[in-house]
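Chain naming follows the written order as A, B, C and D, and within any one chain the residues start at number 1.
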Amino acid sequence: MELVYFAWVRERIGLPKERFETSAATVNELVDELRAREERYALAFSDLTALRVALDQELSDFDASLSGVREVAFFPPMTGG
Amino acid sequence: MELVYFAWVRERIGLPKERFETSAATVNELVDELRAREERYALAFSDLTALRVALDQELSDFDASLSGVREVAFFPPMTGG
Amino acid sequence: MRIVVQEAPFDLGAESDAFAAQHEGMGAVVTFTGIVRNNAEGTLQSMQIEHYSGMTEKALTKIAEEAIKRWDLGDVLVIHRYGNLKPGERIMMVATASKHRADAFQAADFLMDFLKSRAPFWKKEITSNSAEWVAAKDDDEDALKRW
Amino acid sequence: MRIVVQEAPFDLGAESDAFAAQHEGMGAVVTFTGIVRNNAEGTLQSMQIEHYSGMTEKALTKIAEEAIKRWDLGDVLVIHRYGNLKPGERIMMVATASKHRADAFQAADFLMDFLKSRAPFWKKEITSNSAEWVAAKDDDEDALKRW
């Protein structure tokens, strides 16, 4: 699966995107796996209330299923307009 | 005093403006005088709820005083914009 | 604040551009443009707009000043035409600039509501076989109670 | 409906003009323009706007479609830039056309509220000695509840 990061999430993790193989069933499980990887992930995902997630470019929730999902994006609340 | 008419009030009376000497104390008294003048005035002023009045270019009321007023305008409800 | 009452057409693009360009401190610009709509049958030949020269400028200025009092605005522009307009022609525009979008939106909405019922303009619709004064709508009078 | 996401500046005047000109049946056109505001100290050098290419277009289209469902609109235009913008530069604009002014105003207001919090853009303010991501405002999230 493709992981995509924006704004300070991208800066903290140090990458705009990466491929990541996982058997996580939900976004929350995926986040737990990422946190366990390295300090920079633990830092980026330390407060989920400050984060939003999109699955295949649709805004979603952290308890959503990853079944069939190809692209997961993490970012802070949006500030368009 | 100067009387000014707009839209269908102007068309019914047949004039855009005229000088009129009056001792009427209020707009209502002036309207009564005008109604008594000729059929076309009686027609134009037959329904005051369909009319608005401005005194010296400020929207006003039919029971307002005419003291010191130089220009009285009669017209239907406005349709700007 | 700029209030313009004129018979000539105005250049919406240039006006919007100039208004937005001069307000660097303001993050939000809202414009409203009113356009002569054809009637349901598509037979409108022209819209004649009559106004009360002198009172019009005063009334528009008063409405704009009231908007500036109520909202945090950087500027207000009102342009309103009179005379003989064809379907599709622009009748008028307002523009508001503010730091915040809510102020810009509300002030423009307010300006339009008061312009509709408190600025001394009257419209007559001309078709091949009729000439009719546009009646004020109860809705428009009711809209003033919002403010 | 026209949705444009681009790095290049857009011509507000030409866009407003073209949008208004093509809607003869519509009596009311509302535009909103967002402009890079300087900070309180006047030290802003630039605003960097990042976006989620692909999702941005989808999100904007969905918001515009929702507006068309809710109000009687003739058309909707959304232009949003990304990249490096200077104070005073235009970030984005929306335009709505309707037969009735209330629909045009409400739809533009709605579009802006959803664009603020539901379109995947992020802004970073750059000054000579700082670079800071603009935080989303609780007010902006609360504004969505109006609709």
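Criterion: a residue touches a chain if its C-beta (ideal position, glycine included) is under 8 Å from a C-beta of that chain, and two chains touch if they have at least 3 such contacts.
In UniProt terms the chains read A, B = Sulfur carrier protein MoaD; C, D = Molybdopterin synthase catalytic subunit.
Here the structure is a predicted model, which is why all the values come from computation and not from measurement.
Student: Can you list every chain that touches chain B and also touches chain C?
Tutor: Common contact partners of chain B and chain C, which must touch each of the two, are absent.
Student: Based on CA centres, what chain would you say lies at the far end from chain C?
Tutor: A
Student: How many angstrom lie between the CA centroids of chain A and chain D, rounded to a whole number?
Tutor: Whole-Å distance between the two chain centres: 26.
Student: Taking each chain's centre as the mean of its CA atoms, how far is chain A from chain C in angstrom?
Tutor: Chain A and chain C have C-alpha centres separated by 48 Å.
Student: Compute the distance, rounded to whole Å, between the mean C-alpha positions of chain A and chain B.
Tutor: Computed value for the inter-centroid distance: 72 Å.
Student: Give the residues of chain D touching no fewer than two other chains, as numbers and ranges.
Tutor: Residues 34, 101, 112.
Student: Give me the residues of chain B that touch two or more other chains.
Tutor: Residue numbers touching two or more other chains: 81.
Student: Name the touching chain pairs, would you?
Tutor: Chains touch in the following pairs: A-D, B-C, C-D.
Student: How about chain C: which of its residues touch chain D in the complex?
Tutor: 11-17, 20-21, 23-38, 87-88, 90, 99, 101-102, 104-105, 108-109, 112, 143
Student: Which stretch or stretches of chain C touch chain B in the complex?
Tutor: 34, 50, 52, 54-55, 58-59, 80, 91-92, 112, 115-124, 133-136, 140-141
Student: Could you pull out which chain B residues touch chain C in their complex?
Tutor: Residues of chain B touching chain C: 4, 6-8, 54, 57-59, 73, 75-81.
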